[in-house]
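The two complexes that follow have subunit A in common; it is paired with subunit B in the first and with subunit C in the second.
Then we have the complex of A and B:
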């Protein structure tokens, strides 16, 4: 029993380590994501003009723009985790090497760390560029973490589906949108509360509920998606 | 027997159409004849709901039993449910133009129905993007089940975004049906008609798809024979 649990964890860790090793060799995803996010931030900041937004408008609009930037950057990078396995024909080897649930956890950990790294780069620069003053920084960080996790978990599941279909890149946004909309709406609400200095409210618990539900359900469903 | 049932269905629908305009009274507080849309709009959306629940059940059954017929049933239920859902949206928008002054004003009900349409639109796009029968069935079923996990979150979130002008549900929040009895009769009769229409079309389409699959199998068998 213990032995099985430890091989499971070792498999998940191996998938996670393999994905990061491949990523750091080329830095393809990180570079694309960071450049994509940076370009969009410049577009947003320039369009808002040198004076930016008024304080009231800023609270309602700036969190939305931040999450749109993060969402589209994530949509450009996260599906690669599975699409690349199909493109380089390594998916079959992966099917033989790892239990599906361990594979899912490894890929999920990779997606979550990737999006957290992206947020670490983007959020401070964005806040500086559009002069976003945050009244509860603790809540802001919690929103970034919980929202990033939800988006990564939903994307990982959808990526596993679309990697086996044709027209993958366009299909990802179509399929991911309805799945990622609940965490997106919740995290925008949460970020607004953090910026305005309001308490977290029910949005935080509902977002954590989404994160938990999609992860557990993903663990149950993933073997069916992955194995023919 | 089958022809008799089909004729009974047509007769039933014709009687409902007549009753909606000449038997049922008008509801108080609605402009002109606009309350009569109730007898079409509400049964259409209920039938769409039945169709999507059916699609989820057949998807789950497919993943358990792996019978191609369950997959065909789920796919046809989504196709037909989509049509019923579009009709419910259009009749709702026509009514909104009369009562609220605009076809579309992002009432919570309108937000929810658009999200439902987007989700099942994505489901149909996914089916269109996969050639292999087994793979299409498996991935589409998984995606339909993800929808069951994600959609309940909208019931928490959407009411917080905006308030609703939509009339009470037929069974209102006090748990009662407060409607003139002749209206209830026509409404329920119309729902029975729509549901019967759905199951009749579902059965036809499912059998057509089964025949088509069988013919394709036969053709490929003949082809492989002539090659050997």
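Then we have the complex of A and C:
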């Protein structure tokens, strides 16, 4: 049992390491995500003007804008996780070699770390550009981690579903909307609480519940999607 | 009687209204090869993909026994070795990195890849994206044999290979069949000389 779990973990780690090695050599997703995030941050900053927003308006609007930037930047890069395997015909070799659940976990870990790297880059720059003062930095970091995980997990699942379909881009937008809307609403609420210095409330526990549920759902569904 | 055997019957596969396979049947035992012939579009590649577990047949049975144990479809998919034209590798990675990745998934040590690369004469430090079509074909052979599969499914196995490459992979195929445990299904051979052919299946077309 233990031996089986360790070989499964080694498989997932191999997929994770392979995806990052390919990414660091091509920089496709990193460049796409960073450029998209930078462009939208500049647009937001310029639109708000040099005076920024009032404190009340800042608490309600700035967290929404932050998560919109993160969501659309992630949407530009995360669906590639499985789509690229199909487009470059490496999916056949993967189907014949990888245990589906280990493959899914490796891809999920890659998506989560990719979005966390994006958040690490975007959040401080955004806070500085729009002069966002955060009263509960710990809760803010928790919101970024839990929200980032939820978006990555939801996107990875949708990417797996659409990877073998025609018209993938349209399908991603259609399917991602109901999957990513709940964590987005929760993480915006959580970020508002962090900015205003309020307690986390039920949003954090609901977001963590979503993260756990979407991960388990993905692990159960993926072998059925991946194999004929 | 061999403990390794592939048996399939009544295999049918349709894509929409198009019936590509209509009741294909065959059998091959350890140490033997089954040669599948037919015109373009007759379903040779589809049959091999069904045997690999990459495509689910609409009807029919496929049974693979390894060492006397019958494998389910999911296990069969992870056990077979396959050479096919649409099999590709990660272009940003080197040949050695690609094989090391699949060796981890296949749970085999790194020495097997080194040994096979030496036999087919493939440079391990060359990027997969910089390989010629003949070198890619050699890499497909190394990848297919990495985990010492019992069943080898070969679709156009000698395409794009020069004389030296063809000799190298023929030697690998000979060794695979020689110990009496490995079996092969070969479709679309560009050269008709395949060793130890026990049966032929003509899909016509």
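Assume the second predicted complex is superposed on the first by the 228 of 228 C-alpha atoms of A that agree within 3 Å, B and C clash if a C-alpha of one lies under 4 Å from a C-alpha of the other, contacts with A are read in each partner's own complex, and residues count from 1 in each chain.
The definition used in the following text is that a residue touches a chain if its C-beta (ideal position, glycine included) is under 8 Å from a C-beta of that chain, and two chains touch if they have at least 3 such contacts.
This is a predicted model, so every value here is computed, not measured.
Novice: Have a look at where A:157 lands relative to subunit B and subunit C in the superposition and call it first, second, both or neither.
Specialist: It touches subunit B, and subunit C stays clear.
Novice: Please determine whether it is subunit B or subunit C that touches the greater number of subunit A residues.
Specialist: Comparing subunit B with subunit C, the partner touching more subunit A residues is B.
Novice: With the two structures laid over each other on chain A, which partner does A:88 touch: subunit B (first), subunit C (second), both, or neither?
Specialist: A:88: touches subunit C, not subunit B.
Novice: Is A:97 in contact with subunit B, with subunit C, with both, or with neither (first, second, both, neither)?
Specialist: A:97: touches subunit C, not subunit B.
Novice: Quick check for you: in the superposed arrangement, does A:224 touch first (subunit B), second (subunit C), both or neither?
Specialist: After superposition on chain A, A:224 lies in contact with subunit B alone.
Novice: Please indicate which partner A:210 is in contact with in the superposed arrangement: first for subunit B, second for subunit C, both, or neither.
Specialist: first
Novice: May I ask you to decide whether A:10 touches subunit B, subunit C, both, or neither, giving the answer as first, second, both or neither?
Specialist: So A:10 only meets subunit C here.
Novice: Between subunit B and subunit C, whom does A:26 touch in the aligned arrangement: first, second, both, or neither?
Specialist: In the superposition, A:26 contacts subunit C only.
Novice: Report for A:48: first if it touches subunit B alone, second if subunit C alone, otherwise both or neither.
Specialist: Touch partners of A:48: none, neither subunit B nor subunit C.
Novice: Quick one: classify A:18 as touching subunit B (first), subunit C (second), both or neither.
Specialist: Second partner only, subunit C.
Novice: Where on subunit A do subunit B and subunit C both make contact?
Specialist: Residues 228, which sit in both footprints.
Novice: For subunit A, which residues count as touching subunit B in their complex?
Specialist: 154, 157-158, 161-162, 164-167, 171, 174-175, 177-179, 181-182, 185-186, 189, 202, 206, 210, 213-214, 217, 221, 224-225, 228
Novice: Per the contact definition, I'd like the list of subunit A residues that touch subunit C in the complex.
Specialist: Where subunit A meets subunit C, its residues are 7, 10-11, 14-15, 17-18, 21-22, 25-26, 88-90, 92-93, 95-99, 227-228.
Novice: Spell out the part of subunit B that touches subunit A in their complex, as residue ranges.
Specialist: Going by the criterion above, the answer is residues 63, 115, 118-119, 121-122, 125-126, 129-131, 134-135, 138-139, 141-143, 145-147, 149-150, 153-154, 156-157, 160-161.
Novice: Which stretch or stretches of subunit C touch subunit A in the complex?
Specialist: That would be residues 52-56, 74, 77-78, 80, 82, 84, 86-93, 97, 101-102, 104-107, 143 of subunit C.
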